[in-house]
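Paired with chain B in one complex and with chain C in the other, chain A is shared by the two complexes that follow.
Moving on to the complex of A and B:
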């Protein structure tokens, strides 16, 4: 219990400092932070619609946090969650459009296909880092910029041609037999339950299986791992495969959740502007970091960030203040020393 | 072909100047993944400073905007390097944080300041000279910063290779412990080097708003910062090779403007520069050796 508390404290401190900095920002822009936060939480939790939005955000946030933190455990930076989501989502859509199947099999096959392509994209960076020494941070980010136009291309010239769309191509309508089952009372699919189960599974996988152990061993020290007979290169690629598959799963969830086919076009808009970094892939990184790279923690920080995101969607254009706040929270999370120093301000030596 | 060269050179300006800044930073052992965010913040400040000066003081010079952008770059990199050198924040995580912060922040600020998404900048840098007659009714402006782009790699080479401070920078990037033993102040050197790099990142970011696009739009950098980062890596932390890589990547970005494609081709052209970057990194990285202490925090014992 004490151990858990000690792990949680830096995250809480970073969150509070981030919220504080965000409040200062809002105040500087002439907004009353209390009103904004009230509107935010009320918008996210006060209405059925808001709650459904929280559940929808939650599923992708948790999965993308895992997509970042599992490769992270092997010491490889998967900043490409965003691109893997795009590729996974578009693959799911393509399967739905071109391969009609019986009712349960249809979404299942689409989801599996999405996992495979997401994993494939991540593996490119994994292989380049492990065997060619090319930093995965750079290649995953570059592949984000490749994945987006590529999936836009498929969307506008393959999918939109064959599927009915409404509201001037703003929404793609998929047959309901191909979408994931919805949960009662909410306008959300079962995806968030899957995400939570996957997070628990990931915790078990990392702690209790030999592959999970190998992944952590490589992350702690590739040299020592090698002396134990583990091949760090293979492990890194495997970790990236798993991460990419989870990001692909998140993409499929976005596209195939009931009533969220709309997400497809909304998210694949062909302009690069406005919000590459505001995308869910980068929110997933924030979620993972605040969770201190713990899969179970990712569930809780995922809930927190989805409340923020769903709330801002209801507040309107102030959403960008929240992005700025996310960035600040991440910077604070990057400083484990800072949080501990904040807690014993009376210490003799500051910032050794 | 001539068109591609000119457009490529125009694009290479941002990439090359930013890469030079990042090169100085990385030589001192600080890995600034936040390069994209810093450039974005500078791009915004350059436009905002111009805007504010015009509103309150009177006719502004684009060079004042450029100064504003560079100062923002210095300030951002100073804060970043202080965080990493003094309180040992994880450089990669903090860099990712800066990037996300910058997108949100500049968006909010541009809504606040200009109440619209795109901010037209009335006065841009004067052309050094114009290139006309390349194709029908197209005159291309050669920016004074293009001159800077060509001169800078030499200066960076001389600075890092021949000056005492440059030697100190390389020393703390390779072996901070030995540098400290030789009486070099590691933390101070890293902060100074990173701030100096920040001035160049600021210049590169400002070029986008006060010269190339003549306006600020959210996410105006669109990954150019990361391409510059890749140019440094693929150039093997060598000013000359980095410049070469910047020209290559700049040309592939310039392709977008030369082949003003519509339809499916547009999307293929758009992904081309990033794809080239991945391929070049994949080919070149194997034999390259980064500064030994890159991204490692230094703790005094």
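Moving on to the complex of A and C:
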């Protein structure tokens, strides 16, 4: 229990410091911080629409945090969640458009296909780092710039041609048999439940399975692992495959969530949530960092980030102040050393 | 220093320590690892704050809050690991942080004058224009000493200075120390090597478990007296060797050549073999190709040419895990870098490399009970003192870390054990224990390849000694050879 608390305290402290700094910023711009916060949280949690948005964001944030942190445990940086989410999303859409299947099987196959292409894209960077010494940080970022326009091309020239759209081409309408089931009362799919289950599964995987153990061993002691016959290269590639698959899953979730009438166009045109770190893939990194790279922590920090993201819609023109504040919170949270030092809490370095 | 007290979370590192150092003497601070020597000196040098106690220099109480204060008071410290900037020259390193300058520009002429004056005064010569990374270890150390002296050090603290030196370099160091003390410098010499402390110091203070056990004049001390005071019990440095009856050849290396990053042939046309029931000592000063040779045996580095045969099987092209499966145990040279994952617990560390074996996992899931049982077995069979198997390796002492590694390797009853510097940096009791494990492995008919730069160890344990010099095996000695014979070979003198 004490250990759990010790892990959580720096995050809470960082959060409070970030909120405080944000308030000062708002005050400096002549805003009443309480009004802004009220609008923010009321927007996210006070309405059915807001709550649904939180649930939808949450699934992406949690999965993308896992897509970053599982390779991270093996010591490889997957900054390509963004590209992998796009490839996964477009794969799911293509399956739905071209391969009609019976109910249940249809979304299932689409999801699996998305995981495979997401994993494939991530594996490219994994292999380049493991066998050709090309930093995955660089190659994943570069592949984002390939995957994103490539997906848009497919979207506009293949999918939009074949599927009815609504609201001035903002949304693509998929047959409901192909989409993921919605949950009662909310305008959201079961994706967030899947994300939470995956996060719990990831925790179990890392802590209790042989492969998860080997991943952690390679991340914490590549030389030690190698001298005991574990091949760090293979392990890194495997970790990237897993990370990419989870990002692909997030992409499929975006596309197949019936509740949102299939984001697709909105997703690719406006970059899903424009202005929010340039995309959900990068948000996943922030979520993982705030969670101290713990899969269970990622559930909670995913929820928190979803609330912030969903709430921004209702703060009106003050939205830039809120974004600035979110940035500050991330800086504080991603630098636990800084915030613990400020309060002299003696927290330990959390990056593992 | 009197009444010095310092505790770290969970440990009292220093428990009311009083020591006195006279001007111009060499004071030996002797103790096992973890006795508190380095902590005490770090307090003196302002690296740690003390919990209680006082420090006086030349009769005046002083406050030392950081190393800046310490340097200002004429203290200088040379650490075990050097703090030189590798790609600056010796000269640049010496003046670093104390550069004479005019209007923000370094006054090189003045710097050179000062350094030359200093070196001729104390008689420590260093090739000033060589980059620090190219200097031999002995010269690196001298550079560190000069660095401290240039900053006006009157009291020089040397933390285990000979740990990294060859016997010859140690002799040089001792000559330098004598020259320094003749010039009025006071030296505090931290060590756990008995012979050294006897040959260089004027007085000796012995510490054990955070307390001063005894202080004596060196002329009154003997190896036995010191050893007993240091470990607190009689140490019997004799091992029971079963009769030397080597069995079949386990490891056979023929004409092996291995390349390294910097020098083309780290191992040059080496041949050696290890048979069951013998300890083959591979002696050599560090950096003569041992690391590359061991890496080649373990499949961590591909040989350029030659053959490595393990139990009759050619292993040149096999992976590390395939080689380990041929019943090979490996104690790597650097505990923290290659042996244990410090942030893993003991039980996580003992299954490193075996997590996929059915012994520990079922359908890909680790069986916690089996892992824990194995870890407990290693801990109890190999005398690891730890609060439990879930303790992180980081929180173990060096000796216990090494016991975990050796235990992990021996628990699988390997036919061949490759032990690389198995006792480096360990205290006397742990060293002796690890060595006894190697001897009993030999007596149990395992083959042991002992690669070591501790020449007493090689002489004490080995049935046969091979000497590696600049990548070549230049000689073989039998049990009972003298350190003199070994010393000549180590220095590359054949015949």
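Convention: the second predicted complex is superposed on the first by the 314 of 352 C-alpha atoms of A that agree within 3 Å, B and C clash if a C-alpha of one lies under 4 Å from a C-alpha of the other, contacts with A are read in each partner's own complex, and residues count from 1 in each chain.
Definition applied: a residue touches a chain if its C-beta (ideal position, glycine included) is under 8 Å from a C-beta of that chain, and two chains touch if they have at least 3 such contacts.
Computed from a predicted structure; not experimentally measured.
J.: Given the touch rule stated above, what does A:48 touch, chain B (first), chain C (second), both, or neither?
T.: In the superposition, A:48 contacts neither chain B nor chain C.
J.: Name the contact category of A:128: first (chain B only), second (chain C only), both, or neither.
T.: The first partner, chain B, only.
J.: Please work out whether A:289 is in contact with chain B alone, chain C alone, both, or neither, and reply first, second, both or neither.
T.: First partner only, chain B.
J.: With the two complexes superposed on chain A, say which partner A:220 touches: chain B (first), chain C (second), both, or neither.
T.: second
J.: Going by the contact rule set out at the top, does A:210 touch chain B (first), chain C (second), both, or neither?
T.: A:210 contacts chain C only, not chain B.
J.: I'd like to know which partner A:324 touches here: chain B for first, chain C for second, both or neither.
T.: In the superposition, A:324 touches chain B alone.
J.: Using the superposition on chain A described above, determine whether A:231 touches chain B (first), chain C (second), both, or neither.
T.: In the superposition, A:231 touches chain C alone.
J.: Applying the document's definition of touching, compare chain B and chain C: which contacts more of chain A?
T.: Of the two chains, more chain A residues are contacted by B.
J.: One more residue to check, A:333. First (chain B), second (chain C), both or neither?
T.: After superposition on chain A, A:333 lies in contact with chain B alone.
J.: Do chain B and chain C land on any of the same chain A residues, and which?
T.: Correct list for chain A: 352.
J.: Applying the document's contact rule, which stretches of chain B touch chain A when the two form their complex?
T.: Residue positions touching the partner: 33, 37, 83, 86-94, 96-105, 107-108, 111-112, 117, 217-220, 222-223, 226-227, 229-230, 233, 263-264, 267-268, 270-271, 274-275, 277-278, 281-286, 288, 299-300.
J.: Under the touch definition given earlier, write down the residues of chain A that touch chain C in their complex.
T.: Touch residues, chain A against chain C: 208-211, 213-214, 216-217, 220-221, 223-231, 352.
J.: Can you check the complex and tell me which residues of chain C touch chain A?
T.: 298, 300, 319-325, 330, 332, 337-344, 348, 351-356, 360-361, 364-366, 368
J.: Flag every residue of chain A that touches chain B in the complex, lowest number first.
T.: Touch residues, chain A against chain B: 25, 29, 77, 79, 124, 128, 132-135, 137-139, 141-146, 148-150, 152-153, 157, 270, 272-278, 282, 285-286, 289, 317-318, 320-331, 333-335, 337-338, 341, 351-352.
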